[in-house]
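So the structure is just underneath, and the comments pick up after that.
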Amino acid sequence: MNQPHLDTRPPPADPSAPARLARSPSSRHRSPSSRHRPTVPRGIRIAVLLAPAMLVVAVFFLTGITQAVGQSLGYQPFLPHWRLSLDAYQDLLTDPAVRASLLLTARVAIIPTVLSALLGVSAALLIRRLGRSRNAVSGIVQANLAVPHLVGALCMLLLLSQGGLLSRVSYAVGATDIPAAFPAATGDRFGWAIIAAYVWKETPFLTVIALAALGRGVEDLENAARSLGARPWQRLLHVTLPLIAPAVTGGAVLVFAFTAGSYEVPYLLGRPFPATLPVVALQYYNATDLTTRPTAMAVAVLITVLSGMMVAAYLFIAGRLSRRSL
Amino acid sequence: MTGAAITLAGVRKSFGDTPAVRDLTTDIPAGSFTALLGPSGCGKSTTLAMIAGLLHPDTGDIRFDGRSQLGVPAEHRPAGLVFQKPLLFPHLNVEQNVAFGLRMRRLDRSQTRERVAAILDRVQLTALARRRVGELSGGQEQRVALARALVLEPRALLLDEPFSQLDATLRAEMRRLVKDLHTESGVTTVFVTHDQTEAVEVADTIALLLDGHLAGQGDPEMFYAAPPSLAAARFFGVTNELPGTVRDGQFTAAATGLRRPTTLPDGPAVLVIRPETISLTSPSGDDDTMVGVAVAARFAGTHLAVDVQLTGGFLVTVYTPVTTSVRLGAPLAIDLPQAAGVVLAADRSLVSG
Amino acid sequence: MTAKPPTTTTRRVTAQGAPIEATTGPGARWVLPVRMGRRLLVGLLLVAALLPLVPLLVWSLAGQWRYPALLPQQLSLRGMQLLVDPRSDTLRGLGTSAGIAAAVAVLACLIGFPAGRAIGLYRFRGRRVVQFLLLAPVIVPGLAVTLGIQVFFVRYHLSDTVVGVILVQLMPTVPYAAVILGAAFANLDIDYERQARSLGAGPLRVQLFVTVPLLRQAIAVAALMTFLISWSEYVLTLLVGGGQVKTLPLLLFAAIGSSDTTAAAALAMLVIVPPLLLVLAAARLLSGRSAGAVGFGRL
């Protein structure tokens, strides 16, 4: 297990290439000798390099999390009177809105993650086999990525709502005669439009991830498998998919965490109750009654813990996969 | 020889407008260790890829044991291919890599295990069976790749410059291993290389490919004693060429008047002389000597390379034992036995190029 | 750092550089159906990718488009005119958005560059922790984190200010830039720097004249993606900007809530055009770079 983040490593380095001297720690970190400048100790140099970024992470991210935890327990910075309590969490446990929200959040995160992983990998396998149109098609898929989620939500609203384009098409072919007859996909209990928006946005994301993973020497390995007698399906199952699995899994974890934690799409395409966790958090936070603040923080902590578990799961999976693959 | 294991008949292959292989016809004898030799870009790797089925000839036929392989996909051809890069599957360990082909054939577990263990033992990798492939050295990686191809007991083993990325000692060791494996199994082996010393060392048959053509095929000695063409001779490191003409079965060198009988038709020709087949002697006026002056001597480890300026104006290189003492500028003679030197037709294109 | 993928042909290249054909050979029987099936699937893919944008485009140009008409009753440029109307917030929002995004991109790259150098070039104790700390803000939703620090922004008079918004947007962008640049540093042949040092360049000049040019592609990707992340950000801007810092996503969110669909659609077109142009311009840089692609997940 080298790096927890996604594929930022150089392509699984050409195994036959002479080992790069520079990669061994001892030779890489020796600084070029200099007569006039005393060399800065390596540890300090690294610390200085990392300091600004770590400061950003510490100030915003770590403080944010500790504050969320503290405030969920009743702590109020800059206020004289506060007391520790678990009331907010007790509220969460008894609040039916939260229970419904958990279910909805899981649904609108898991379904798009699985679907877009399947579709993304299929699309990547398709696109790489294309001839001249390859660049154009992958260009369109990439362009799709640049559309912000907020705009994606509006697109789904205009496409799927009862007054939307699909409803009009359904009228035109005589399937429905009034808007209300068209199945409600936006503002529904299930979250169809939320799911659709996420699938539409995340499939290109995972396509690009899978395409990038397919680019590195996979073709050579597939040819090696061919010469060893592997048929097309066997090559796909035993070579291609295992090779891109780590990257796609990593991407899928990001998709899950994002879909579970994003606010705009479920707010615009869902209904106020049941709403996803981030929407519930903001509902509590913006309530005129300040006493609901700890509850809002408790929901924020819940989101953080859930996505933290995803990070851990990802690191675990990536570790397992890369241990196998390296 | 028991006939041809692999036959190439009139094979051509172009990439766009660039011809890679032009009209290649050759038989690779069954059980032979054939080196497909040639400079980079001569089409040898393309040829091997066509034999393996990874490329398809534009025209011509490729036959294994007389059966055409056109339209047979790579995975169904009875040939095992080892690439320049080991191309081990990074998600599988050593053992699983070797077992890959057997798994694809759905061989049952116990047999697979048995055959994998046997071949790993043969290439001395038993201790590393459970190792992740990323932890192997370059030589170990190529041994796994070799084992992975051989465990399928292919009709032909195709090796595409498999050791070119290893260092010299390791390369020698791997050549020995491949040679031994060939002797033991008798599997027809085709070995692509650009290094003529490597080809001479491992192969019993050499097929020389120059510019997409077969420029000669035979045992390694032939390419030294009787190279089929000037280009072939040059590829095998001839440094001395005396141009001249052939008339009525007699070659006469333009510079020195040296004569040799030949079967070549009348026309321009070249007498090529390998520097290790001639020696220095003192001037005597003998018919078989050429007179000149030593102008340079270079120490080359196993021998001394002496450049002799002939009186006719030509420069001839002679390899002599390192103990020879050579005085630069002193007159000397080159002993030229009848057996040394081959008369070859002058290749117009090569001369001008 | 990346080999250019084969551009126009279906040929791939083997280890030896000899092209390998992708098809299974002259089994001509299959070539046609396979090709047609592929074409059909590509068609489906493109329709799925582009269809949701169609109503958006039409609405942005619609004067009136009542149910159940398939096409607008009348077209008009009203939506486009609203965008440039000096009385609306749109133009100011465009400026605010572009300014914030540019500032965030520059700062994130400046901060991410040394961090990327540290994680890309050095193996040190605690490197895993650092990588975890850089990964976590990318995965943990910004909403959850920002709720907790909002009080501090209020306390230090940073809430409702552009500066506050820029600062809070560093949280998702800096780790991202550090990760991309870290990958680039890991691929960098450090001998170039040594060579430059031996030619008499000081450490700073080496970075400026050797390292930065060598990494220009990765830096461009990092800048582009951090710009886009900032450009698309809604929740962080809402929480810290308090509705006072009106970037385009905030205006769009408000417009979607209003009854004027044409105005919302026109605004949405304005929001997606700059990223589309940027991504298309940089398509070559982005392809085959999954570290870069990760950033798309945050848009």
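In this document, chain identifiers A, B and C correspond to the written order of the chains, with residue numbering beginning at 1 in each.
Basically, a residue touches a chain if its C-beta (ideal position, glycine included) is under 8 Å from a C-beta of that chain, and two chains touch if they have at least 3 such contacts.
Quick caveat: nothing in here was measured; it's all calculated off a predicted structure.
Asker: Smallest number of touch links from subunit A to reach subunit B?
Answerer: Minimum step count, subunit A to subunit B: 1.
Asker: Just the chain pair, please, that has the highest number of C-beta contacts.
Answerer: So the chains sharing the most C-beta contacts are A-C.
Asker: Can you give the whole-Å distance between the Cα centres of subunit A and subunit B?
Answerer: It comes to 54 Å between the two C-alpha centres.
Asker: In whole angstrom, how far does the Cα centroid of subunit B sit from the Cα centroid of subunit C?
Answerer: Once rounded, the distance between the two centres reads 53 Å.
Asker: How many angstrom lie between the centres of subunit A and subunit C, each centre taken as the mean Cα position?
Answerer: 14
Asker: Can you tell me which residues of subunit C touch two or more of the remaining chains?
Answerer: Counting only residues that touch two or more other chains, subunit C contributes 14-15, 20, 24.
Asker: Mark out which residues of subunit A touch at least two other chains, giving numbers and ranges.
Answerer: In subunit A, residues 220, 223 touch at least two other chains, as defined above.
Asker: Counting only residues that touch at least two other chains, what does the list for subunit B look like?
Answerer: Answer for subunit B, listing residues that touch two or more other chains: 53-54, 73, 83-85, 87.
Asker: Give every residue of subunit A touching subunit C within the complex, in rising order.
Answerer: Touch residues, subunit A against subunit C: 3-10, 20, 22, 25, 28-29, 32, 34, 42-43, 46, 48-50, 52-54, 56-57, 60-71, 77-78, 123, 126-127, 129-135, 137-159, 163-165, 167-169, 171-172, 179, 200, 202-205, 208-209, 211-213, 215, 219-220, 223, 232, 247, 251, 253-255, 257-258, 260-264, 268, 278, 281-282, 285, 296-297, 300-301, 303-304, 307-308, 310-311, 314-315.
Asker: For subunit B, which residues are in contact with subunit A within the complex?
Answerer: 52-54, 73-76, 79-81, 83-93, 100-101, 103-105, 132-134, 138, 141, 148-149, 152, 158, 165
Asker: If you look only at subunit C, which of its residues touch subunit A in the complex?
Answerer: 2, 5, 7-10, 12-15, 20, 22, 24, 38, 41-42, 45-46, 48-56, 59, 67-70, 110-112, 114-115, 117-119, 121-124, 128, 130-149, 151-152, 155, 167-168, 170-171, 174-175, 178-180, 182-183, 186-187, 189-191, 193-194, 197-198, 228, 231-232, 234-235, 249, 252-253, 256, 261, 264-265, 268, 271-272, 275-276, 278-280, 283, 286-291, 293-294, 296-299
Asker: In the complex formed with subunit B, which residues of subunit A make contact?
Answerer: Touch list, subunit A to subunit B: 12, 14-18, 217, 220-221, 223-231, 234, 238-239, 242-243, 245, 321, 323-326.
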